[in-house]
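Look at the two complexes coming up: chain A is in both, with chain B in one and chain C in the other.
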Partner chain A sequence: MPTVELAPAPPSGSAIARAPRERTASWPLVDRIGYWLCWAVGIGLCLLALAIVLYMFVKGISYLRPSLFVESPASSVKQSQSGGFLDPIVGTLIVATIGIAIAMPAGVAIATWLSEYRRPSWLARAVESAIEMIAGVPSVVLAIFGLIIFAQPFLGFLSETDASGTVSGKSFFTAGAVMAVLALPLIVASTREGLTQLSDRLREASFALGRTPATTIRRVLLPAIRPDIASGTVLGLGRIIGDTAIINIVLGLTVTNEGVGHAPLISTLRGTGSTLTSYIYTNSPAGEGSAPQKAYAAAFVLLMVVLGLNGIVTLLTRSSGERDRGLLSRAFRLIPYMPDLSR
Partner chain B sequence: MAVLVFIGAMLVTVLVKAWPSFSSNGLGWFGPGGDVESQLRAMAESKPLPGHSILYFRAWPLIWGTLLTTVSAVLVALVVSTLAAIFLTEFAPPAVRRVLDPVIRLLAGVPSVIYGLIGILVIAPYINNHLISNARKASVGYVVQLSGADVMTASLVLTVMILPIMVAISANALAAVPASWREGSLALGVNRWRTIWRVSLHAARPAIAAATVLATARALGEAVMLSMLSGGRGFAPNLLDGVTFFFEPVRPLAATILQNAEGLTIPALAHTIYAIGAVLLVSAAMLSLAGWAAKQQFKRYGIRA
Partner chain C sequence: MDPMMPPPVRRIAVDRDPYVAPPRPIANGSAPAPPTTAVSARLHAARPAAAHVRERMSVESVWLAYGDNWVVRDVSLPVRQGEVLAMIGASGSGKTTLLRSLNRLTEITAGAARSGQITLDGQDIHELEVNDLRRRVTMVFQQPNPFPMSIFDNVAYALAERPARGGRRRRRSPEIEHAVSDALHRAGLYDEVAGDLERSALRLSGGQQQRLCIARALAAEPEVLLLDEPCSALDPISTATIEELIVQLRESVAIVIVTHNLQQAFRVADHVAFMHLGELVEYGTSEQVFDRPSAQRTRDYISGAFG
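This part shows the complex of A and B:
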């Protein structure tokens, strides 16, 4: 029987007390196989991620030209004449801005209400599960739902109305609004995570100074969890930038960004367009364009943006102190809300 | 709250829009019958198939495709993610863990178009050129073309895509199992692997169930990667075809919505698409709620997962 020594008193707050390294040689064969399988899977995942990034890097660098960033796309069968992806990049920026502008205040408000007020409690529980449900709704379904809503005549000012009076419901405004729903669960989850981890002393100290709960939230709690709100927002941004289904259905998939009406900024926002993701989709063999080189280049740009956002989240969660109870990063807990799936 | 109104409104509108398709087909909607592709084309061209109403639709090949890709991906991911979660929380040296944590977040963050792009430009051609023999292509050539974009490719990539959330939920749960439980087991002379297997995994079971359920919901709703990689043809692969089965194309429900979204202005097609959407919405919502309930159960131990 191997003697197992327990680790000396676990450091306070640490979730796991590690036993000192135990030799696996004494284990039965089955156990050792399991142990090695674990290593294999862990290393395999790292290699897989490395392979994806490296492959996109090599392909992306070889097809990326500076001109791609300044030229608008054009429809052409030849890859040399189909232009660059200026419009998709602008489109991505617009959609992301609109989406976050709606989702962040709403998400923070919902999260604050859920963790600080929670009254009536049945409503809080219902909202809680509703948020979980929204996180699970496939984005294609969100997209076609958004299309019904925004094709209502009274919302016609948000998109194009054709001669017969039919509202298309497809525009940057509407796509951004649908995207906000996608980012909402992440922001809510991250903000709640931050609020529940705040010490009650903070609240009590503020109340003792005679502040009302509302002022406490605004002046004390929310500033204290700024990194959490920020990381939720950045993750939400990542999800918005990576989504294709909503763009394909609600943004209209035109090759260039086409304005509606004459007001300078508003016309673009009311018009249809494309983003990087839909650009990749249409230029892949699955779409109509079939310009794999352009698709690779755009995918490389997109992946770099995603990597950058990931890095920001890592920094944000690291700076939020307390070294994360030792084991897994805080952002790790948010993964269930950011599945890339159904983008 | 607005969120509740939103969910309610979404269910109601989608169901109302979907109703004509369900009521005209009855339960047959879910069953097999005829070729889905020609049914959808008939709606798009507003020319009803002879002897049927314009709304005639039999979704079985699409449902079968969804089940195949989802179930196989979830089963594989369940095994792999459990091992990865154990590795991450128990065996990985801190240095490795510091690498693996962002790696998994990266895998969760890669947009599905990129997965789709890599799949269709790398994996599918490879399978097409090296794994599918010409004889095999010829053997089913009269019903369907094999191109490398098929059930197997789609499920493989789907597995990678749902892995991160399963690893995340399971690893968080494993990390949250009270240290004293494991110490008790270790003190009895049980080795670490058995301790993990019997104590930690046992305690984390509800979370693993939650992870599986949530991942299933995500896999059901994946549209973009699947519409690029699954072959994009409403075909029901036949188990009797042997190995060829793995190389046959499918088209899951979500991908069908995406590929037919252009036709939303045509009433008959729109009703059918919303009907597909309603099926997805209801199943995804039920799965999410089940996952949420499973996580609540875990809170009994006073653990937040």
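This part shows the complex of A and C:
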């Protein structure tokens, strides 16, 4: 019988020596305490996140009714008569749209200038400091400042002016504008990060073909960092949707969305209203407390929206090869077709 | 000088060829063995000379510096259409800087300074509008650097500005499609990518990407094409394809190539400039520089004594 030469079998059992599991017994006491604290904090955080999601899920699902999405809220002490949260959902959408419509172009423009031009340099440094400062200001401070600005008589067209000529400064327009300031630092940071990480070879290649810096930015650099712009925008969107202080102060906190004037869309935008966050605030036991179950349902919807946005960020930042699949990312492909002001 | 006199743009005539800088004394003056010429002569003889040769650019007494560091010292050279000029030399010899100065790309580096004159068809390049100059003198870099967009868009980006502004529909006019496929043909890439011009350029292989960059540089219809070590990141087969391409292209465009690869310089170049520590040590035809170098430093370099 011919002998078949077998390939050597991998070692098994006690023949394998593995790195011993690390024991903390030999560590100094301080290190051991720190080690276990890290474990405790990490597990605690996971439990906390899990508890929030589970609690809101259980509470929210049990109170969620399809009718809540189509009925306007009504002022009532009885929960059964207080309607749904159609207006807050619409309000959230309007505020987010206005805020992003202002913050996205402005943020991309600021970041591009900071990254590609930076002249004069003292101004660039000042702008950087300003952006950092805005990023650190609590939204309630932005809100009262915004209210002061938009209550000026010459900005009365953005909100309601009462019989005595006092401008309220509270409307979807003004709240959206203040929200834009809130989202701006996130978009600037993300766009700058993208531009900084782009290779200088791309810029050189474009310059070597006789293209101006403006054309290079518009047709090469900004399209290349679409995912960064998109993720900054989605982060800003999440920040806008989640903010309560600006809504409470600058949006007027009315139960339903109240139009001002008669122009179809403009009247709503000039009027006051509420969003999901302010709806939760007013209906929870912390606010007027008249409809806690609906507050839970609204909180669940809000949580789902924010988690969805987080998912979008993950998708946009993860796969570089399949970047163009997302809807938002597709929208950003329009950037090369923006009018070129340099020509 | 009499202001009515035209500038002396043809000061470097063909009869000054070869240019030989005074050699510096070298400590170990052992004469190296002359390079083997039998094979190289055969390779070179196989290539027909270009039909007509004419001077497009002229570099006259050019000094270039980054900050206080003069990296190019008093270099004078002609750049001719119908032939390939190879610049060889060790790292830090200033050849890339000199190449980049030909389309004023040195200017995007902060602290760059210059002296002397570079002309394109008799005009001082510093009096030309810089973006016009860079469209007439385009460049291909060491690393393939396609833009993160489709193959078509990469080439179309280099085309001259379209007369009317417009969106996607206008970008696909028949003239533009023709110009793009023409440039891809000239770069020898068309047959490989014709199936899907909408594919991302980043999905091409390295050699294809570099040929795409050459197509892009040709799409601008340049008069001079600058190549900065275009094959150093590529495999031998892609390198051979690109070298063939360079030899073909010299008929329609003046070509300057910087290379570390002496065999490559010999294979593609009609004239060779050897630079060392910022100085032009030797300039002459490929045969002169490789087979009968007149400077000791050239002999040392091409025999592998340094660099």
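Note that the second predicted complex is superposed on the first by the 286 of 343 C-alpha atoms of A that agree within 3 Å, B and C clash if a C-alpha of one lies under 4 Å from a C-alpha of the other, contacts with A are read in each partner's own complex, and residues count from 1 in each chain.
Here is the rule we go by: a contact is a pair of C-beta atoms (placed from the backbone, for glycine too) under 8 Å apart; a residue touches a chain by one contact, two chains touch by 3 or more.
Here the structure is a predicted model, which is why all the values come from computation and not from measurement.
With both structures placed on the common chain, the touch criterion links A:S129 to chain B but leaves chain C unconnected.
Residue contacts after overlaying the shared chain place A:R219 against chain C, while chain B stays out of touching range. Legend: residue contacts after superposition of the two complexes on their common chain; A:Q152 is shown touching neither chain B nor chain C. The wider contact with chain A, measured as residues touched, comes from B rather than the other of chain B and chain C.
When the two structures are aligned on the shared chain, A:S67 is found in touch with neither chain B nor chain C. In the superposition on chain A, A:G210 makes contact with chain C only, not with chain B. In the superposition on chain A, contact is made by A:L45 with chain B only, not with chain C. Using the contact criterion defined above for the overlaid structures, shared-chain residue A:L202 touches chain C, although it does not reach chain B.
Put simply, chain A uses residues 339-340, 343 to touch chain B in one complex and chain C in the other. Put simply, chain C touches chain A in their complex at residues 103, 105, 108, 131-136, 138-139, 141, 143, 145-149, 157-158, 165, 167-168, 213, 216-217, 220.
Per the touch definition, chain A reaches chain B in the complex via residues 1-4, 6, 10, 15-17, 19, 22, 24, 26-27, 31-32, 34-35, 37-39, 41-42, 45-46, 48-49, 52-53, 55-56, 106, 110, 113, 123, 126-145, 147-149, 181, 184, 196, 235, 238, 241-245, 248-249, 277, 280-281, 284-286, 292, 295-296, 299, 302-303, 306-307, 309-310, 313-314, 327-329, 331-333, 335-336, 338-343. On chain A, the positions that touch chain C within their shared complex are 199, 201-212, 219-220, 223-224, 337, 339-340, 343. Against chain A, in their complex, chain B makes its touches with residues 1-4, 6-7, 9-10, 13-14, 17, 80, 83-84, 86-92, 96-97, 99-118, 120-122, 160-165, 167-169, 171-172, 175-176, 179, 182-183, 186-187, 189, 191-194, 197, 211, 214, 217-224, 227-229, 232, 254, 257-258, 261, 264, 273-274, 277, 280-281, 284-285, 287-289, 291-292, 304.
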